[in-house]
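Each of the next two complexes has subunit A plus one other chain: subunit B in the first, subunit C in the second.
Moving on, here comes the complex of A and B:
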């Protein structure tokens, strides 16, 4: 088993030097704008936004065991908050816009979450999906406010009084990514996070252990909604445009899909998934118009054959080989 | 306004008739196989597109053939899905079941897009040639009345089938406890496949019937799915009677809502749904939901 031994060494050295590894990744992220083209700055920025969104999604899905099929709603609300405040009220300060997105996604996820966490499993998925489509339909309908299917254009905002551009927006994305990853890590390892995992493993036992299950599920929903709203607030200026499709269930499916590529059973899984997905999608859509077909088939294959996600399955395979040795 | 009430009533019932066909299939499959089929909307859409092949002819025989063949085809596609894919994940967590049918829904709707294009397909010949019926001075399309009658007939046949026939009893037994039914010698696999066939049949029929007055277009799958979700939430998951009442409520709200507050008609629908959720979480006719 020379192969397994080699992998084992890699895993071990990664664990031993994890702080160096993290520092190296952060350094690479900060160096990207000075060495790569605008296209890759955009793509890495997008991957990081997906990561923030998926980390939030996974707090609800992977750590609390609730599968939301409407998580596009909070991404869309974050993005539309930025677009609306910018276009209707002329607010250009990104500090204000980011805070407003957090506030709006907080309020909406509190309201929707309050209704949805009364249910679990299939009912929860059904309800989150229905509420998600509600926002999709309403942005279509309120043409005067949201521009209907045309959407709204979004300019680069100002940050600390300075006009932003792609590079400075990218740095803001990187910083928010690092902070939200760290905060997420602290959350899932806190007593709160452990409580969520206890609920995931067995809600009935958790209830008997004195945990107010519904309330914790609600908190988890809200945290997850705020992450999504924040991702949306970063998404809007990066794409310079918001459209109702942001709210569509295929967008909700994307976050589920990329979380599953990466694997939802370990913390950074969604981040790996997000990076793979962002690059894969950008290459595949450049060559084929059959993206939904490919996406759908991949989702089906994962559902049937890779319950731990692609990365998760690989890691499990490796650790099996290691332990066999 | 008051003179228009009969028309709104009829419109609402017509709308409810279509919703009932779609949501009855969805709820039937859920109650027996415990699968929330997210591809149900896509099957409905596929039914509409397949019907459009036949309905563009002016020959009544071909049109009738379309109304028979489209539901049958969808029923068979639905069985193929059950035997080929869903069968493998009955014992898995519900996340994977949802994921599989979600992926399937993307695949089916993209195949429809590739085959039929993205332009809306319209076949208005049938509705026009059937003309209208005068009701209190207003004209109501005769075709819509036929749809209402068809849905009522389907509802009655379905009810009698489930309540009065041997096969219906077996299906209900499986929905209560499939393991016990299997222990009693019932071929549960066959019943699951048959339920998927019935569900597909209903979705296909709904798709074929909705086509003449409207159009077949991308996006109709998700709309149908979401609206049948609302119906199911209001009526209760897994209950045909719930699907019937839920469809009526949603159909009438839409029909009157569009007239009374056109901007907020949809929001109103969701408020009703939220109210049902808060007051009676399992839906009007739903049984206490439990993990089986």
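Moving on, here comes the complex of A and C:
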């Protein structure tokens, strides 16, 4: 999203070698189950799920300029769709469960987004928060259907007729992560993506450029919701359990947090943020129960000192060094 | 081409536009002049759909467009620029011009192909940016442009909508005298080359008399006079208002 002298050189260098870099990352992701423990397979899988969720969230936040405080709702809807279909209807096919999660998050984000984009800035944020809490309350109260605060257990489903396990689920997560990232990259560089960025920059001008701003904000909300629902559908079998907290505003705070860590102005910023967040949280919780305090302090430091996030700050630092030469 | 009938807009007790009627024929440049607070920008805002009138109708090519949203008005052929340039600051100059081009060609919803994979759109972008002297700066971020170029980009974006009528709100405000002539020469050429009718709000009377075929003088929300440059120059009432230091 940014430019400049030194930055251009970095971007040029990355562009020249981008295919090697991407292939190396994909190779490492596929090699992880062969070289690491079940714990790290789980942790990397979780980081990739967070990445998919954050990529979707950032289409709305970073690219369209709309801050949703209720994006846990669509993660939760994806996860609960899997849990409900599995527990209530006995559907074990992951292909069906994934498609159902996409469909449910599509429908819900269409309905909620349609109402929310009518409002701007803080009112938009508050309305998304309210809807998130609404889904939390519903899930919490409908004990017979959702298991209330106990939640619901989720088994490993079947995929292409084969019973899944952690490793096969991990490979599905990796493939969906790669596809989601590629699709996301195409979206943000398409006329649609450029239009969203124009709305973020100046909605008034965008309107005078013939763009029905509210409608495109709604489209963005839906795309973002589908990404979140898909992430939820991957989350449920990885954790083997879903609870109403998935809908809670503190979960919505997590996606904002990891997007800010990575850098919302850069396409891959949320991915880096997700990886950092997943590992940081895992390690910090092993040492102290006060991890929310440490995460909170991290947000303060990043917001005040590194508004471009980790990726943005690194790129800017290198850019400055190159420019000085 | 454009017919405005009894257009009225109040802001509280202020009669910003008060029962204004006029007709704009196709072709040429018409300027709207008047002292500060005369209602010139409000008039542009009403025609472009930025605000809704309290009374009166606006007809464009015989079609009642009163109350249409700006996105619809710009798509049916009326584009506008702003007194303070409205451009997409953190996007490149090229992206800025691609946005209205995609919109005009109905491609904004496409999320499969890359924005740079449309050769015909890129050709249009090159044509427009070229005629505004901005093609060489296409990879600059818009916030790296000087003020004069920002004004040009804002107008270029309006013309990228391929309008038949363009509304330009003070296209030379905030730039030096030398820059004013450069901007107006570029804008005039671009407008005439494309056969676009222009309605311009302008404070600089030298520019108004140099570039306009017709002039509308507004005062306190009403039209005080309308006519050619010579007719306006001969109008004593207009002279007393415009030369009274209020412009």
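Following the convention adopted for this analysis, the second predicted complex is superposed on the first by the 310 of 325 C-alpha atoms of A that agree within 3 Å, B and C clash if a C-alpha of one lies under 4 Å from a C-alpha of the other, contacts with A are read in each partner's own complex, and residues count from 1 in each chain.
Keep in mind that, in the parts below, a residue touches a chain if its C-beta (ideal position, glycine included) is under 8 Å from a C-beta of that chain, and two chains touch if they have at least 3 such contacts.
Please read all numbers here as calculations on a predicted model, not as lab measurements.
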| request: Please tell me which partner, subunit B or subunit C, touches more residues of subunit A. | output: B
| field | Partner chain(s) touched by A:290 [first = subunit B, second = subunit C, both, neither] | value | first
| Which partner does A:201 contact after superposing on A: first (subunit B), second (subunit C), both, neither? | second
| request: Would you check which partner chain A:250 touches, where first means subunit B only, second means subunit C only, and both and neither mean what they say? | output: first
| query | Is A:134 touching the first partner subunit B, the second partner subunit C, both, or neither of them? | reply | first
| query | So, does A:76 touch the first partner subunit B, the second partner subunit C, both, or neither? | reply | neither
| task | Report for A:119: first if it touches subunit B alone, second if subunit C alone, otherwise both or neither. | result | first
| query | Inside the complex, what are the residues of subunit A that reach subunit C? | reply | 1-3, 186-187, 189-195, 197-198, 201-202, 204-213, 216, 219
| For subunit A, which residues are in contact with subunit B within the complex? | 61, 67, 69, 115, 118-119, 121-123, 125-127, 129-131, 133-134, 137-138, 141-142, 248-250, 253, 256, 260, 290, 292-293, 295-300, 302-304, 307
| Which residues, counting only subunit B, touch subunit A once they are in their complex? | 30, 34, 36, 38, 85, 88-89, 92, 94-100, 102-107, 109-111, 113-114, 222, 226, 229-230, 232-233, 237, 263, 266-267, 270, 273-274, 277-278, 281, 289, 291
| request: Provide the residue numbers of subunit C that touch subunit A in the complex, in ascending order. | output: 48, 50, 69-71, 74-75, 79-80, 82, 86-92, 95, 98-100, 102-104, 107-116, 118, 139-141, 157-158, 160-161
